[in-house]
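As structure tokens, here come the structures.
In what comes next, chain A is part of two complexes: it sits with chain B in the first one and with chain C in the second one.
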Partner chain A sequence: MLRYLIKRLGQTVFTLFAVTVIVFGLGRMTGDPATVLMPVEARQEDRARIMELWGLDQPLHVQYLRYIGNVLRGEFGDSLQWPGRDALELVLLRIGNTLELGLVALLFAVALAVPIGVFSAVYKNSAIDHVGKFIALLGQSLPHFWIGIVFIWIFAVNLRWLPTSGRGTWQHLIMPAVVIGWFQVAALMRLIRSAMLESLDSEYIKLARLKGVRERIVIWKHALRNAAIVPLTYFGIMIAYLVVGSITTEVVFSWPGVGLLVVNAVTARDFPVVQAVTIVFAFVIVLANLVVDVLYGVFDPRIRFE
Partner chain B sequence: MLLEVKDLRTYLFTKRATVKAVDGVSFYLRRGETLGIVGESGSGKSIMALSLLQMEPKPAGRIVGGEALFRGDDLLRKSQGEMRTIRGRRISMILQDPQTSLNPVFTIGNQLNEAFVTGKQGLARGGVRKAVVDVLRKVNIADPERRVTAFPHQLSGGMKQRVVGAIAISCSPDIVIADEPTTSLDLTIQAQYLRLIKRLQDTTGVGVIFITHDFGIVAKMCDRVAVMYAGKIVEHGPVRSIFNHPSHPYTQALINSVPKLEERTERLYSIPGQPPAPGQELVGCRFAPRCEFADERCRQEYPPQFEGLSRHSEHTADCWRLEDPTWRPSRH
Partner chain C sequence: MRRGLLLASILVLASLGSTAFSQVAVSELERLVIALPPVATETNRIWAGSWVMHTQFEPMLETLIGNDPETGDPIPRLAERWEASDDFTEWTFYLRQGVPFHFGYGELTAEDVKHTYDLLSRDDSQVNMAAVWRDRVAEAVVVDDYTISFRFHEPYIDGVRLFSRTGGEMYITSKAQWDEGGVAAVDERIVGTGVFRFQERTEGVNLIVEAVEDHWRDVAPFREIELRWVPDETTRMAQLLTGEVHAAALGRDVAESAEGQGMVVIPSRRENMQRFVPFGGLYFNTGAPEIREDNPLLDRRVRQALIKAVDLEAIQEELYKGRVTPAFRTGWVPQHEGWNPEWAERFDEMYGYDPERARELLQEAGYGPGQMSVRINLYEHPGQPESPYVLESLQPFWEAVGVEANVTPVDFGTFLARWFEDQGVHGEVWITRNTPLRTTQEFIEFWHTAAANGKLFLDDLIEEKIVELRFAVDPEERDTIAREIGDFLFEEFVLIPLGATHVEIVVDPDVIVDWAWPGQAPTNWTHFYMIEPVR
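Let's look at the complex of A and B:
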């Protein structure tokens, strides 16, 4: 297990390194920042001075090494939109809010998808199966921002049950978390359903029943424990979706998270902030995948004792 | 009589056809006795065995008739809740493939614990652990104290099947149904396993229903044998009587297809033709299309059961040919 972890950790470092290359490369591909930032009538000498000042006259690999050096020291530069504010600091200030929202969304998705998936498999082709499929598909086919607006209209404006936007109480969390999580229910529930069907059809389930084990234990212990390994793989992808989902949803609900920050940064061409957000998001996703890999070992002894 | 099955019928209802997987099967089992059920794959042996525990493959499978009297009590009339207290406790089963019949994510100890806990609520925590170790020792697993923490993938195939055997005998059942328990084991392990079952039976007096397609194993293990073909028992009797005087052409063909060590043959015998396709509407004798003796009547009408063959009251067979007394084997 320890060797497995060390191996995975090594791969994680490599992934993050690859992410910096992409972020750096994409940044350069959009054109040279000096042209974007300087007035059209700027003189050639001024342009050259700025290029020299920012190190843009150096060959690419030198620029990259300098960039990675800064990243390693946690220096992403100052925000252009809010002069004097460190880009990374701006991100780290809000990442907690985004993670909070993502975590609640994840819990909501799991809490809904697991029972629907399990019951759909146990009562295949029954009313439960069809209703579950309908609820799940609805969440996947409707765009986040639309559900968000409709939710605000119903639950905040008309029913006045929940606050329209912002962050503060637990009531503020409900709508955005449901909007983000609902999207994940469909995929997760279908994975659980098919994994459960396969598991329920297996010989070890037959043997468990032959032992006289209660049906409740057969389903929730023997079958689900095996079926859980399959959707676990999807968790890594799901985390990425949660992050992406947070961007539009945070805007709709004015949730003070990284999503809202990055939308503002993009419109303001605040490159240091955009780069910092990208790296931090990548870090979160890679970390989540590492956790998933560790969970694999927890769920599947065949991996643990490899 | 420990178990008496009368006219058991389990059909599989699919969209295309109704498959009469078990089509009126009757047999009995006495205490401490081993009954062999022999037949090709697809003859309905496994579905028959699962039906006794109301575990026929759902949703397609349904028991449509018959009774299975276990100590005089009809198993087929019991609720699923009542059956749960019989499964594992009174009647247990060993499945064919040890590689897949143990749950890969739980330890051996956990899976055995469950058998004990569901079986005997009275055992204390420490008692269960001791019982688990004891039963593993009974099935010849070396170092059982250490093995309880092992996962299935850490054991060999033969060892896994012994664990499945341990689960089967954990609650000292009255009947163990062994469904081709050695088919997926290699030959030396197979012999070991068969000896183990035999020994356990001698010490506990459990009744065993041994399902196999191998007449060689029947000869070694069983007191009586029932030959199944396309959902019906076509011949039944004491092993010796069946071996010496097989009366149904299918039984004869099966016995002929067991390779003999003392004979040198160029070509192994095989029964011509194929068993009937599932769902095919069957009139007359199921074996008629493959039978060298079949005539028009065989194809039209199912033969009655002839009893007392080879002067043995328990030896029966379903074949029109036995109408003619000269065809009936007699004891020499």
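Let's look at the complex of A and C:
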């Protein structure tokens, strides 16, 4: 187990290193921030002066080495779009909001996907199965921003049940969390359904039924417990989707999280903030996958970490 | 013109004196919320960004010269009066006495003005007029506590605009605060003399300002104003319809829909932007970027054909909802020097919609149907939500006269970089804008000289004439030179003039009755103290 953990941590470090290279390279490929942030009237020498002040006049490898050195010290530099503000501090101030949204979205996805997946398996090819699949399909095929706008229009503008956007009360959480979570329902439901079908067809379930155990107990206790291990592996990917999904959703709902921050930063080519966000996101995703892998072994003793 | 300028400059408007009121606000609404697209740079540092970020300073900071909310004309603000030397190399300002800074930072003096000038001239200054502050101003001299002179290396005609909000960025801030805490103190809160003062800022979310009690000049209409940064236009519209915000910046399409649901569109009192589609790669001057021979736009007949192929009135009616006025010669306006009234008379003949004539011109230039192509760079220009639709609309017009129009989606920032490069945009078109507040000289310098970024149409004649204009101080001589350049460009068909638009705000009529602001500032929304609440 320990050796496995060390190996995975090594992979994590390598992954994060690769992320820094990719993000750094892609960022520079899009052009320089002075073009976007400075007025069009600025002369070439004015731009050059600012690029020098920002350290962007150096060769790329020098910029990268300086950047990676700073990152190792936890310094991402000052934001270009929010002058005087530390990029990492801006991200950390908002990551809680994004995680809050992601957690509620996750709960929503699980709350919807588990019963639909179970009932779809139990009542295979029935109306329940078809309706469940349809709901899940909609969630996965409709773009976040579009569902978000439709929800705002129905539930905020017309029905006046919920606030349109922003953060503050639990009501503010409902629409963005549903939009993000709904996307996950389809995949999670399909995994649970197939795992449940396999589980329900297994010998120990047949034995339980022969012994006269009530069907409710058979399904929700014996079958689901074993079936739940399979979707567990999906949680790592799910965390990634929740993070990615937060970007468009936070813009539509003006949710003050990292997603909204990074959209503004990308538009302004605010390299320090974009890099800080990406590293933090990558760290969260890699860590989530590591935790899932470890939990998988804990829940299923047949898995050996070697 | 010089006499007029001096008269205007020395004008003293006693009626706008420092009447003090004991009232804080006239509306019972605790906080007015205005939803706006995020500003490019959110900061308290006045030197850290361009004009487009000034909306955040407007409620809190003031300039030496103000602008009349109805006409945009210069009016005394922190300076009671001002004057220029005969040769326009020195501008002197006489400050109003007894103007207090927010949060007890003392009264305004000439040292605060000098301090503000120093900030704008810093090495890391990113303001639009940075080159003027650094290179054209020789020094700022504090004559006494309430008098300051700016000495220029060469004649500077445009001083009134430079020191007002229409052209400059000299929002006066407190030296005492800087001396006390430096940039850290400024980052904490900005100290000015405006009708509102800084209360709170959450980056990417909002800026909240509060009314100044007994302000030296005006009564704040609301106790607090929140500028809420909302990137998505549909969300801003929803917030407005549900009453979560009381005013919102919306594109014309969405604004029309909001109007249908009881909201009211308030336009700025005067035009804010001239919008146009330039033709790329027209470098005819000596030593400028080399022209590319395969660029069909080099042929004047082709340019005229592409203009005459486009039904400008249809674009103005459908995409700008008719809320646009013709700009017969972009960059020139009747109020500025060099205007030629003949342009309006000849516009239809020269630029009017005539696809048949467009085909003939293309034939004359040697381009039959399908033999010529143009690249249309498609992007949303910041502050122009209609821009991608306008660009897309060109394609069918041009294809109807046999020109292959390739619509190419691009990132605005990436395109800017290419445009500013010397070899960037041959045979291409795009959309951009110009503030009619620019003086004619400034317009020519930015768009038509090799040294600047614009490089819209370069020619030795213009390079020669602009030097003459730069050093001319006689009004008649200046007018003649500016008109000669304008005439030349009018005949050369250097761009498609889409027209001039007002900046708009959509308001909830249950909260806001009116908002008088001239639109004569590149920052779009100004004069927040002029928002008239429902009583």
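Heads up, the rule we're going with is that the second predicted complex is superposed on the first by the 243 of 306 C-alpha atoms of A that agree within 3 Å, B and C clash if a C-alpha of one lies under 4 Å from a C-alpha of the other, contacts with A are read in each partner's own complex, and residues count from 1 in each chain.
Everything below uses one rule, namely that a contact is a pair of C-beta atoms (placed from the backbone, for glycine too) under 8 Å apart; a residue touches a chain by one contact, two chains touch by 3 or more.
Treat the numbers as computed from the prediction; the structure is a model and nothing was measured.
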Chain B versus chain C as contact partner of A:154, first or second or both or neither: neither
Touched partner set for A:211, first chain B, second chain C, both or neither: first
Which superposed partner A:203 touches (first chain B, second chain C, both, neither): first
First, second, both or neither for A:21, with chain B first and chain C second: neither
Superposition-derived comparison: chain B or chain C, residues of chain A touched: C
Chain A-facing residues of chain B, complex: 53, 55, 80, 84-89, 92-93, 95, 97, 100-107, 114-115, 118-119, 151, 153-154, 164, 167
Residues of chain C touching chain A in the complex: 38, 40-43, 45, 48-51, 123-124, 126-131, 183-184, 187, 202-205, 228, 230-232, 234-235, 238-239, 241-242, 244, 411-414, 416-417, 420, 446, 451-454
Residue ranges of chain A touching chain C (in the complex, touch as defined): 30-32, 35-44, 46, 49-50, 53, 81-85, 90, 94, 149, 152-153, 156-157, 160, 163-166, 251-254, 256, 260-261, 263-264, 267-269
Interface residues, chain A side, partner chain B - complex: 202-204, 206-215, 217, 222, 225-226, 229, 299-302, 305
